[in-house]
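What follows is a pair of complexes built around chain A, which joins chain B in one and chain C in the other.
Right, the complex of A and B next:
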């Protein structure tokens, strides 16, 4: 079995398994912990404050966005391109089609190419922000830089693979490896905010909501 | 003298016959899948398809790829695999559809040209490589290599 087949077959299954299974475990643990440590939240459970809080932070329509418009804009664009580009990339669509005969719309390849560059650019901005701003640096650990690197690596290698810079096969193998690595580390690291964002936002929204003080 | 003429005529006939016979089996070696009238805008370089290698090296029969189905059976006749023959070009049945979506293809006859190419080429390459045999490329850049882009 070639390295390509290994990464496309068993290791991809493993990566998706750890990613999805791991996230389910994280959510279950979150609920278990909340029943022990934060029982009152269930008494004040409110769909209204839950959705309002998630909405105001996902859009973004909050105080932080007003105070730091540039960082908010970069962060928003970063997350948008990070999620949309790989899901709607034509080359990935071809793979889904070939494996499962399923398909959805893809972005024009030139658009996806620019979105990849935008993702990398925003990532560099976020890294520089951690390095240059003292009040961000004090709350930054090595893990933050490593995780940002793990997140950007599939985009950098994907860009290089599309343009066929350097040795194509090696770059493609690295692209697949980093993509799978990113999926695997999500449940175990800060990257789990991908799902946990919704829960922590909901809890904060309800907590402040019962005091009639919006958390945004 | 007459015998000499006879030999000359026989030689000419022989050469013509030989050329005709050779021409019957003549196959295009490499085909550049680059129909400008179909693919008007491209984001990837065209595929250079090594036609000859597929039956010389891989030993694939014509009808394993070329097809014209009737009642679930491939009725393509090798004699009809000439230029403009119905079963010779993918594009005679599989039409190009602009856009960026591969439709779910539960009905193979409805596959677009791009789908037909991808299924026929990489589908087979993947299958053969599963059986642990030497196979053709399966990655994007190996079929659409930037270096070979015509200038």
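Right, the complex of A and C next:
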């Protein structure tokens, strides 16, 4: 089995398995522990404050966004491109079709190309923030840089592969490897905010909501 | 009681295990270290924007303590003590501005709880907690002094408003009025002024001979056992007097 076939087949299954399974385990563990030791969540449970809290932060409708317009804009564009580009990339769509004969709408290639560059640009901005602002530098750990690197690597290699810079096969292998690596680390690191964001926003939204003090 | 305990890594580990909950674990893990909490903290602003004062750093200190468990040493504990008691007032302002809603105040409070397991609580807070256990209020006001103060205030009040009263232990009243123990101790006039408002508003109210201090300084100490004991005092008084509501002083 070639390296390509390995990354395209069993390792991709493994990556998706760890990613999805890991997320499910995180959610199950949260419920298991919280029903025992976080009684206030359930005692003051409120769908209203849960949704309001998530809504006000999933779109920039909060004081922090107003006070930090540039960081907020970069953060939102970064997350948007990060999620949308790989899901609606034509080349990825072709792979899904090859394997499962399923297909969905895809982005025009030029748009996807720019979105890739924007993602990388936003990533560089976030890295510079870490380096230049003393109050971000002080909380920054090596893991923060590594995880930012792991997140950006699939985009950088994807860009290089699309434009066929350097040795195409090597770049493609690296692209697949980093893409799968990113999925795998999500459940085990701070990147788990992919799912835990919703839980954290929900519990804090309800905690402030029951005091009629919106947390945004 | 807090002061009887001393440096004891085993107890620290037990406290860590007892206090670990799903929210805390989640918060300590997902913090993206974005630094957006910096400007929201008055300690950061008041210390010439010292980066070490931002809420995320304080949260990280508690995370360290949780990871260390019984591997703490006295030097770490001393430093940790000053972080959780000295650098955060648990005002929750950063929580309101955190994109994830990470509650640093609750994290700090948990950190203080870890200090309680080592007997590391500010001396004045320890004294007030003792007073709560002994007298039911934070200012060592005895029941006799309390009743005397209320009666004295009632007399003063009646000079101005004949017919106005300060009811004590009136069963079935609509409202139980509770105060900060500083009021009978230092500012008793506050009580007669509140009574004046109640009288003119025609409120059916009462004060209680027990469980009348609505402050809870054990909560600031992170001593949750004492904190729930203190809250229970007011609740017991309300239930015994069969009042409909409990009002707390400003």
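One rule holds in what follows: the second predicted complex is superposed on the first by the 216 of 216 C-alpha atoms of A that agree within 3 Å, B and C clash if a C-alpha of one lies under 4 Å from a C-alpha of the other, contacts with A are read in each partner's own complex, and residues count from 1 in each chain.
Quick note on the criterion: contacts are C-beta pairs under 8 Å (C-beta built on N, C-alpha and C of every residue); 3 or more make two chains touch, one makes a residue touch a chain.
If you're wondering where the values come from, they're calculated on a predicted model, not measured in any experiment.
When both complexes are superposed on chain A, chain B and chain C sit side by side without a clash.
In the superposed model, A:4 makes contact with chain B only, not with chain C. In the superposition on chain A, A:104 contacts chain B only, with no contact to chain C. Once the two complexes are overlaid on the shared chain, A:172 sits against chain B while remaining clear of chain C. Of the two partners chain B and chain C, more chain A residues are in touch with C.
Taking the Cα centre of chain A as vertex, the centres of chain B and chain C in the superposed model span 170°, given to the nearest 10.
Look at A:164: by the touch rule set out above, it reaches chain B but stays clear of chain C.
In the overlay built on the shared chain, the residue A:90 is in contact with chain B alone; chain C does not reach it. By the touch criterion defined above, A:79 lies against neither chain B nor chain C after alignment on the C-alpha atoms of chain A. Overlay on chain A (Cα): least separation between chain B and chain C is 35 Å. No residue of chain A contacts both chain B in one complex and chain C in the other.
Against chain C, in their complex, chain A makes its touches with residues 29-31, 33-34, 37-38, 41, 53, 57, 62-64, 67-68, 71, 75, 129-130, 133-141, 144, 189-190, 192-193, 196-197, 199-201, 203-205, 207-208, 213, 215-216. Residues 2, 4-5, 90-91, 93-94, 97-98, 101-110, 161-164, 168-169, 172 of chain A are the ones that touch chain B when the two sit in their complex. Looking at the complex, you find that chain B touches chain A at residues 43-44, 100-106, 115, 118-119, 122-123, 126, 129, 138-142, 145-147. Taken in their complex, chain C has these residues touching chain A: 20-23, 25-27, 29-36, 38-39, 44, 49, 51-52, 54, 56-57, 60, 95-103.
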